[in-house]
Amino acid sequence: MIIVMGPNATKENIEGVQAKLEREGLRFHLSKGEDRTIVGVIGDKKKIANLEMNMMEGVEKTVRITEKYKLVSRDFHPADSVIDAGGVKIGGDRLVIMAGPCSVESLEQLREAARCVKEGGAQFLRGGAFKPRTSPYDFQGLGDEGLKMLRTVADEFGLKVITEVVDHDDIDLVGAYADVFQVGARNMQNFQMLKALGKARKPVLLKRGLSATISEWLNAAEYIMAGGNENVILCERGIRTYETFTRNTLDLSAVAAVKELSHLPVIVDPSHGTGRWQMVRPMARAAVAAGADGLIIEVHPHPEVALSDGDQSLKPKNFEAVMHEISQIANIMGKTL
Amino acid sequence: MIIVMGPNATKENIEGVQAKLEREGLRFHLSKGEDRTIVGVIGDKKKIANLEMNMMEGVEKTVRITEKYKLVSRDFHPADSVIDAGGVKIGGDRLVIMAGPCSVESLEQLREAARCVKEGGAQFLRGGAFKPRTSPYDFQGLGDEGLKMLRTVADEFGLKVITEVVDHDDIDLVGAYADVFQVGARNMQNFQMLKALGKARKPVLLKRGLSATISEWLNAAEYIMAGGNENVILCERGIRTYETFTRNTLDLSAVAAVKELSHLPVIVDPSHGTGRWQMVRPMARAAVAAGADGLIIEVHPHPEVALSDGDQSLKPKNFEAVMHEISQIANIMGKTL
Amino acid sequence: MIIVMGPNATKENIEGVQAKLEREGLRFHLSKGEDRTIVGVIGDKKKIANLEMNMMEGVEKTVRITEKYKLVSRDFHPADSVIDAGGVKIGGDRLVIMAGPCSVESLEQLREAARCVKEGGAQFLRGGAFKPRTSPYDFQGLGDEGLKMLRTVADEFGLKVITEVVDHDDIDLVGAYADVFQVGARNMQNFQMLKALGKARKPVLLKRGLSATISEWLNAAEYIMAGGNENVILCERGIRTYETFTRNTLDLSAVAAVKELSHLPVIVDPSHGTGRWQMVRPMARAAVAAGADGLIIEVHPHPEVALSDGDQSLKPKNFEAVMHEISQIANIMGKTL
Amino acid sequence: MIIVMGPNATKENIEGVQAKLEREGLRFHLSKGEDRTIVGVIGDKKKIANLEMNMMEGVEKTVRITEKYKLVSRDFHPADSVIDAGGVKIGGDRLVIMAGPCSVESLEQLREAARCVKEGGAQFLRGGAFKPRTSPYDFQGLGDEGLKMLRTVADEFGLKVITEVVDHDDIDLVGAYADVFQVGARNMQNFQMLKALGKARKPVLLKRGLSATISEWLNAAEYIMAGGNENVILCERGIRTYETFTRNTLDLSAVAAVKELSHLPVIVDPSHGTGRWQMVRPMARAAVAAGADGLIIEVHPHPEVALSDGDQSLKPKNFEAVMHEISQIANIMGKTL
């Protein structure tokens, strides 16, 4: 941590800061500039992480130098992590595609979607059984029954299952049917659930919060890893900005940022990331070109009758077109579909 | 809902839209403009709320006219709600002040804070026993023990207790000690917990999410009210913007907005809303002048040794000064402290 | 400036950084922490301001400690500045009110507005003769003719004139009629115009840009002061956020921030800051309570026929009510209207 | 325009709205829903564009259905525009690359950069002679001398010139040396300059403002086209969000949006769009995959000594690598480099 003393800080103020650092068992360097004194704090990282100095008399501001997360960082684990999810490798040289409807609605709907998903070359069937919805009056998902349908249909088509968990009490239940737990954007800082997922034995796909910084997102991943579950997959799904033409602003530079800061694989969701089916295709291509390890895409056989998020779901023939294009871009990136 | 057909929409496209609306049991008006046809949808509000039309051929966009929430809206309940929280009225003509440390740390700390809070004229002691923290390595609160301390000290000083609940499993536990449940910004859309709080019998203070729109915030309140708990207090605590000088941007216009759209009382948190103790005083004054029903303020006897958020905590003498000023502004607003 | 070396920085990388600093005539302190070396740079502020180090091998990031602005800063000029604008003092113990229609439309409209403005107790008549508009097809203002009307009517009622200048070529023209130049949000970083206003001899009210940080805003003021014109008044008018209920999010904490960082007076515009006439009254009160030196408010005798921004204009009787309330809050703040 | 009457609107309120519309020469449809009456306004688009109804008694809100821009819209001009810039076609089936240093510093620097730019396959040399800078103390560019250097060096290497114009007074001067005028983000709504560029006879590359919506950006382009200059190229360069890891958030979905809404070509600037040289390569690839018509990239022979924005400039060997990768992605997109 760097402590910047204000231009009017007195000798006593600086001594006060030094005394506090000594009490905390930390060392420091003083650097007297033209009009400000800077105090560089050295020592135990955990002590520094919890240090609060802005209230001390004479302190103008403090600057943190290092992030609090450790297990997720590339400093700590320089090589890319490859995560095994029900036998499918995520983060290696194969692009992973997860596709399916926003919500599980019926066996028939799911089978139609799964056929298309499988034929397109995806490895995972996605679909929500528990749906977090803005309004209490919106469709909240089929629950247990939806989970069973997902597993049944995925098995019929030789697909893996990824589905959202919205409550730590449901982890065992969801884990009985899914190969990967999905944590939605609204739950990225549901720390109770993150801690519980740290004890789970299946991989977790952690979506970035609606307005989470990259640092907060990696700290959320740290909760899961610190609990003992190293199998975390990050998922960029668009952030909230002032722009209203798209539902969210897909932040593809976050893919490059995560690759720099962390060893974890990163997946992109161009469906929620834009909220418009017309944009899924160009953003899917762009995500792969940016270096994503995979995509999660909404596909619905009949989006015009979908019970949720029809606006951003692809029809089967559009999904096919997407898969064709991204397989070519994947090749340039040294990956295969 | 208004459906805007694109400039190239065909007769068949428009008939397709009409047919779908008829199937859904909804009525409509067609309005043919110079280059676009507009379809106004009329009928059952719940059916319209769940209608998705953007996927229909020829549709350019749709505009929702009414909000999905009902119980929280002023249309539904024109008079201001006054909520009884352990005998203290919130939303009436008395300004309600909730104050105390960010985290409960010890009986001694709490007693010192409570004395100052009581002397300043506050009615509630606040303090976190369960703390949602960005990093798993930060102090997570004293838990049960903290709750007991809160109740003990509040009773000693004749104060009410407000404290955060972070998990639906803890509702009974927290409810045994608190007069008001606080839902933090990160849990504003923790719908499982909101549903459970809808069954609780004590009031809920619902903080606005870090990047929640006013509409999303009111829909979150609707979850609690729809569950049967009508005692919801809203709390503006700053939103996430691009500005970095303050930790958050306190949105005082949200106070006016909530007063227009809803009958629920609204409280302002100038401590989290700015993240800087220097700004708590002017923002506390401004909040009362904007029409807030109360304030929740961090006060710590020794913020320089606080285990969390010392940067935004007031020292006792600053709290006194704030209370003095806001009591004068409250009078202008027709309220008493 | 603080230079943070990455965890894998080599001895050669650190020597490279040192060598560059020496070539630039700057001094430094090395501080070796557990896993990172920090280089604190000391010396001539202008040299440091222009230093770019992120491209050097081994550098992880750099942190700037001091702002580039100087003349606007409170470090440089500790006492509040009071600016004389046509004989009216801005920044002292009188609250300054500038009011009038968004656009000048006719002598008749202006006279009706001016009467109300004067009776309410305002000192300045505001009104746009040159209007920057999002669309080329919107009303662009009456130009020269509008300026003349403003001066004529203001003189009739004993008011001062503030009006927007949108082009450096118009500075002499506008200066012939106005007492204060207004720089609109869209022109906050029109550096050519700021430089030209630095040579002008009348005060400048500088609105904050739509998404300007406080630091960028103060640097824009520095352009004017560095040119020789010390009479700068800052104006907070709302920033762009994700919220859509209001046109902008009025950032009242910016008032407190500016008071901390600078000696310049600050005015608040609750009309543009919210975009809704219903919110002008509470936000005007809140602005004065936050410590603003004045307000600029849109008043239109008949907002329903206004050629621009009728949505945010007050009718005369609402303006009166605002003036009554803020005069009481001003008293608490130690100011008079 | 759709006018939504509030739930308490009276018969008189609705008649008042109707009367006003009739006075304006506009027609309307009434649509009475369960609890609200909706008024759909039909008639002359310009009249509707300037209609303000929110101030009318009983009106809850208004919704605009059509955008104000016309010449830039795909409705008006369904085919993609291809723009001739000094003989190079922009918007057709060749990817256009503009590259060079942020600022022109010397002939030597420019020649080194131009050699690399040419060898990499770019068609345009970019470089700033007039630099808009946040602080008045930052390097402001070489001015006229810089323009001459640009032209000289570009001619030596058979490149075209693109450079920024920051003032309408400089249009003739800049036009004497440049093949394309660049309008920077800070000047996107410098309407005086946009109008003057509407009279110019060379193409204009219009960068998106720091927090401009897509609609505002297209309206700014409309200013230029409405003035008579049809040769507008749009440039996405990152928007301002809460994320601080990157300088801006590059919004690649804006590329897809512009392609849907407009016929104008769109270029992406991954250098300013991220502010970090490490991210230029992945974002350049992603931009081409998203459907951009070209890129504008900062290349500096020695970024560690650059006078501006060294942090985001590529070294020659990195530029080469980018060009190699994007040529492959261009092929998939049906384009050649």
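Chains: A, B, C and D, in written order; residue numbering restarts at 1 for each.
Note that a residue touches a chain if its C-beta (ideal position, glycine included) is under 8 Å from a C-beta of that chain, and two chains touch if they have at least 3 such contacts.
Values in this document were obtained by computation on a predicted structure and should not be read as measured data.
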Where chain C and chain D overlap in contact partners, by chain label: A, B
Of A-B and A-C, pair with higher C-beta contact tally: A-B
Cα-centroid distance, chain A relative to chain C, in whole angstrom: 38
Chain centre separation in whole Å, for chain D relative to chain A (CA means): 30
Separation of chain A from chain B, taking each centre as the mean of its C-alpha atoms, in whole Å: 26
Touching two or more other chains - residues of chain A: 211, 240-242, 244
Chain-level touch network, classified as line, ring, star, complete or other: complete
Chain D-facing residues of chain A, complex: 211, 213-215, 239, 241-246, 249-257, 259-260, 273-274, 278-279, 282-283, 285-291, 325, 328-329, 332
Residues of chain C touching chain A in the complex: 2, 4, 7, 29, 31-36, 38, 40, 42-45, 63, 65-66, 75, 211, 240-242, 244
Interface residues, chain B side, partner chain A - complex: 20, 46, 49-50, 52-56, 68-69, 132-139, 166-169, 186-187, 189-192, 195, 210-211, 216, 219, 222-223, 226-227, 240, 276-277, 303-304, 306-307, 309-311, 313
